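Have a look at this one.
Letters are used for the chains, namely A, B, C and D, taken in the order the chains are written, and counting of residues starts over at 1 for each.
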Amino acid sequence: MVDWQIDLIKVIFIWVWALLIAVVMTWVERRASAMMQDRLGPNRAGPFGLLQPLADGIKLFTKEDIIPEKARKILFVLGPPLFALPAFSAYAVVPFGDKIVLGGKEIILQVSDVNIGFLYVLALGAIGVYGMVIGGWASNSKYSILGGLRATAQLISYEVPMGLALLTIVLLYGTFSLREMVLLQQGTFLGFLPNWGIFKQPLGFIIFLVAAYAEANRVPFDLPECESELVTGYHTEYGSMRLGLYLFGEYVNLGTLAAITVCLFFGGWSLPYVDMSKFLGPVSYGIASFMVFFLKQAFFLFLFVWVRWTVPRFRYDQLMGLGWKALIPLGLVNLFVTALLVQLTI
Amino acid sequence: MSLKERIKECLEEDLLELTEFRGDLCVEVPKNRVLEVMSKLKKEAGFDFLSDVFGVDNLDLYAAKAKKAKKKTGEEEEEEPKKKEPPPPRFEVMYLLLSLSTNERLQVKVRVPEDDMDVPSVTGIWRSATWPEREAFDMFGFRFKGHPNLRRLLMWDEFEDHPLRKDYPLEGKGEERHLNYDTV
Amino acid sequence: MAREIETVCITTGPAEVGDYVTLNIGPIHPAMHGTLRVITKTDGETIISAEPEIGYLHRGVEKLGENLTYKQFLPLTDRLNYCSAICNNVAYELAVEKALGIEVPEKAQLIRTIMMELARIADHEVLVGILGVDLGALTPFFYLIIQREEIYEIFEWHHGARLTNSMGTIGGVEADLPDRFHQKWPKMRDTIRKANDETDRLLTHNRIWMDRTIGVNAFCADDALNWGFTGPMLRACGVKRDLRKDEPYLMYDQFDFEVPTGKHGDVFDRYMIRMLEMEESIKIIDQAYAMYQKLPEDAPLMKKVPKIIKPPEGQIYHAIESPNGELGFFIKSDGTDKPYRIKIRPPCYMVYQAFGELVQGEMISDLIACLSSINVIAGELDR
Amino acid sequence: MNFQAIQGEGWLLTKAEQLINWGRSRSPWPFPYGTACCGIELMCALASGYDMARFGAERVAFTPRQCDVLIEAGTITKKMVPVLKRIYAQMAEPKWVIAVGACACTGGVFRTYSTQQGIGSVIPVDIYIPGCPPRPEGILYALLKLIDKIEADHPLYKQRQKVVEALEAGK
C-alpha cells in the first residue's frame, strides 16, 4: 500500500470512529441518565434501544426545514456545520494507538503527527465558538442571541485556564506533539506510580478538566443552551437536521476532549506497569493499544454523562467568577511552580 | 375589651353598621372615608395585614328581596309606587383584615353605587392590595383612585365587560381574543 | 442579608433611560409552569424591571361557583391548586361548615388531617423537584416523584382519584382510612425520609446549589407582610406564622410540631423550609394516626347535614394553612342552595404580585430560581 | 421499469416510507404544553414511574421548532388561544397534536365566559384523551395510538403521485 492510501484509510477510520462515538454517546447518555433516575430510558428502537440515535436521525432528516423569515439566511445555514466540523477535525492529531505493522510496513496510528498538534487542537476548539455565536445571532431571536453571547464569553474565558494548564504540560514534556507526549508517559514515576501526566500535574489536570467541561457546554456549565432559562439557547430556532448537527457536534466535541484528556494526563494508549509490545504480535499490539485508548476515552465520556446528571448549573456571573478569579490565578501559580521545578531539575 | 368595643371606639362615627355572623365581624364604613378608616384600623386597632380585597354585586340579592317583599305585601305596593326608596348601592367592596398579634379578623365593607364607581385605593397603606384591586376593577369595574396601574388583570386588555357582575351571563357574550402578533 | 428595597412601583418601572432589551418570558417557557408570563426589561443579563402578567388560566371558577350548589362546587376546588387538591377541598368544606355552624366528628377530622399532610408532602416534593430542575439538577426530581406516586396510591385507595381528589364532603368524610393504609404508612414514612435524604445530600450542601440559592432574592419581613406574603414564603423571611398554630382549625392544636423559619427570605431558606416542613408533616401524620387508632372502629365519619345545604344568610371567611400559605374561602350566602358569592384567597397570588420587586436587579437565572421557589400554581393564581 | 412497482405496491418507495415511518414513530419528541392539572399528570407520565422516554419521547424541548408532538394538557382559555395557534404554526411538519383531558377536548367542567370549549376548533387534533385528568397510563396509551397512526402514514405520497403522473404522461 502506498502512503496516501494508508492516510485515506486512517482518515476514514477516524471519521467513522468519531461518528460512532457521537452516536453511541447519544444512546449512552439517555440510557445512563435513565438508570440514574430510576427509569428505563428509550428501549423501543432496536435491541436495548440501540437504534434510537438512528431513529432520531431519520426523523430529523425528514422533518420540514424551517428558516425563520427574519433570520440571516446564509449565516443561519452556516452555523451548524461551523460548529460540528472543527470538532471532527481535531481528531486528526489524536494518537489513538501506538503503531501497527501491516505487510512489513510500520503504520503510526494517528492521522498526522503534527509537531504543533497541541496548538492545532486549541485553535480548532476556539473556532467551534463561531458556530454557536453565528447560529445564535443569525436566528434573530432574543433567547438565541443570549445563548450565543453566553457561549462566546464562556468559551473565551475558559480557553485561558485551559491554555495555562496545557502550557504546564508542554513545559513538562518539552514538546508540542501529542504522540511524543504519550511516548514520554511510559514507565513509572517515583518508582510506584504510572508515569502519567495526572500524577505530575494534578492541579493542571483539575484545571483542564473543569475548563474542558466548560468548553463542551455540559452541566454545570451548559449556560449557552440552558433549558430552563433560555429555552434551548443558541439553537432555539433550529429544527430538523441543522439541530441534528448541533446535537451531534456536541458529542463529537466530547469525544475529542476525552481523547485529549487521555493523551495528556492518562498515558494515551499505554497500560501502566505493563509493556504490551513485548508479548503481543505487531498487529495485535496495534489493536490492543487502540482498545486501551478507547477504554480510557470511554471512561471520560461516561464521566461527562455522570456529572451532567448530578449537579445543578452555575449562574452566568458565577461561571465568569470561577473562570477569572479561581482557575486563571491557579493556572498561573501552577505554571510558575512547574517552570521553577523544570528549571531546577534540568 | 372585646373586639367589638375596640372597633366601635376606634371608628367612632365612621361605623355605619356592625354585624356578626358565626363569629366573623363585619363593619360598614362610608366610601369617601376608606383611607382614614383603614389607617386608623392599621395603627390603632392593630389590623396590620390585608388578606384580600374584592367586590360583591348585590343586584340579584336586592331583586330577590324585592320579590319576597312583594309576595308578602301582595298588591299593596303597586298602589303606592311613589313611596319607593332610592335603590341601595349595588356594589360592595370587601376588605379582609387580620391582626397578626391577636389573630383576629375583620371584614370591612364599603357600599358603592353603580353610577359612582370611584373608590379610594388602599395600595398606599398595604402593597398587597395591588393585584386584588386590579382584579376587582377587571371583574366589577370599580375605579380605584390612586392605584398605580389600574389595568385589567385576568381578562385580556380588549375585553369590554366585567364578568363577575350578576347581569353578565355565565357563558359570556361570545367574546374572542384575536391573533395579534404584536401583543401576544 | 435582608436588604432594603426602595419602593419603586413595579408596574411603572424606572424611567426609560438607556438601551434595555425587552425580553418576554412565557407563557410557554420551560420555567413558567405553562401559563405564567413575565415581561422583563434587561440590561445584558441583569433585570431592570419585571412585570408579571397573569390570567392565561382564568377559567371563571368564582362565577361558576355562583351558579352551582354548595356540593357541586367541591370538585371545582380540586382544580385550584392541583398539586395539593385535598387542602383546597378541606378548606372549602371547613368554610361551608363554618357557615352552617357545624363541627365534624373527631374521626373525620383526623382523616382530613392525615390526608392534608400527605398532600402537603406531595406538594413540597413537587416544588423541590421542580426547583432542582430549573436550576439544572434533574435527578432529585425523579427521586421525589416516585415518592409522590406512593402518596397518590394512598389517595387512590381512599377516595379513588390521584390528582383531583374531591376528598370528603360537607359534614365529614365519606370513607374510613383504607385497610392498606395501615400496612403502607410505616413503610412509606421511611421511604419518604430516604428520598428527602437523598435529595438533601444531592443538593443542600452542594457548592453550586448554595451559590445559586443563598442570598438570591432576599426579602425582608416588613416588605413581605406589606405585600401580603403568607406560608413558607413569609416564614422564610423570619416571621413565625402558621395558621395551624395561630388560628388552629381541625385538631391542629393537639399536635406537637415545629414551625421552621428562615432568616433572609432567600431561595435557599424557602427550599430549606419546605424540606423541614415535610419532616414536620410526617410527625403530624404519626400523631394523628396514633389518635385515630385509639378511636373505636365504628366512630361516626359524618355529621348529619341536610341533603340540600342552605346556610343562613350571612358572610363568612375561613382560612387554612395550605402548602403555599393562607388559603381562604369567603362565602356570602343569601339563604338559597347556591352560594351568592364565593371568593377564593389564593396564597401564591399575593406573593406573585411582588414578583417584580423580588427579582429587580437580579439576573435572569435568579428570576427562574425565584419563580420556582414561590411555587406559583396557575390554577389558584388565575382561578 | 415496471409500472406496478411505482403505483403503491412498489418496493423501493414503500421501503423508504417504512424506514421514515420507523424513524418518526420511534422518536416523537414531545412539546409539553401543560397549562393546568393535566400538566401535572403529563409530568408524572414523563417521570420515573411511567417513563414516556421508553417510546423515544425523550428530548423534552420547549421550542416548537424541535418537537413533533404537541401534547396539549390542560385548559385553554380564550386569552391563551392566540398563543396556542402561534405555537402550532411554528412547529415544523410533520406535526401531531394530542389533546389531554376533558378541558382540552371539550372545555370540561369550565363552561364559562373565559374558557375555550375544546381546542379542536382552534388547531387540528390527532388524539383526544378523556379524563379529568387522565391517568398517566392514558397519556401513554394515546402516545402508542399516535405511534400506530404515524406508522400507517404515507410520507412519500406526493413524490409517488408525481412519478405516477410523469409515467402516465410519458405513455
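The rule we apply is simple: a residue touches a chain if its C-beta (ideal position, glycine included) is under 8 Å from a C-beta of that chain, and two chains touch if they have at least 3 such contacts.
Nothing here was measured: the structure is a model prediction, and the numbers come from that model.
Chains making contact with chain C as well as with chain D: A, B. For the pairs A-C and B-C, the larger set of C-beta contacts lies at B-C.
Per-chain CA centroids place chain A at a distance of 45 Å from chain C. A straight line joining the Cα centres of chain B and chain C is 27 Å long. Chain centres here are Cα averages; for chain A and chain D they lie 36 Å apart. One finds 65 Å separating the Cα centroids of chain A and chain B. Counting only residues that touch two or more partner chains, chain A has 37-39, 227, 231.
For chain D, the set of residues that touch two or more other chains comprises 47-48, 62, 79, 83, 111-114.
Residues of chain B in contact with two or more other chains: 154-156, 163, 168, 170. Of all possible chain pairs, those that touch are A-C, A-D, B-C, B-D, C-D.
On the chain D side of its complex with chain A, the touching residues are 19-20, 22-24, 26-27, 47-48, 51, 53-56, 58, 61-63, 65-66, 68, 92-94, 155.
Considering their complex, residues 33, 36-39, 142, 146, 219-220, 222, 226-229, 231, 309-318 of chain A touch chain C.
Those residues of chain C that touch chain B in the shared complex are 9, 11-12, 54-55, 58, 60, 62-64, 67, 98-99, 101, 223, 225-228, 241, 246-247, 314-317, 319, 326, 328, 330, 332, 334, 340-341, 343, 345, 349-350, 352-354, 382-383.
Chain B meets chain C in the complex at residues 19, 21-22, 24, 26, 48-52, 54, 56-57, 60-61, 64, 94, 96, 100, 103, 105, 107, 126-128, 130-132, 148-149, 152-156, 163-164, 168, 170.
Residue ranges on chain C touching chain D, taken from their complex, read 27-30, 33-35, 55-61, 63-64, 75-76, 78-79, 82-83, 126, 141-142, 145-146, 148-149, 162-164, 378-379, 382.
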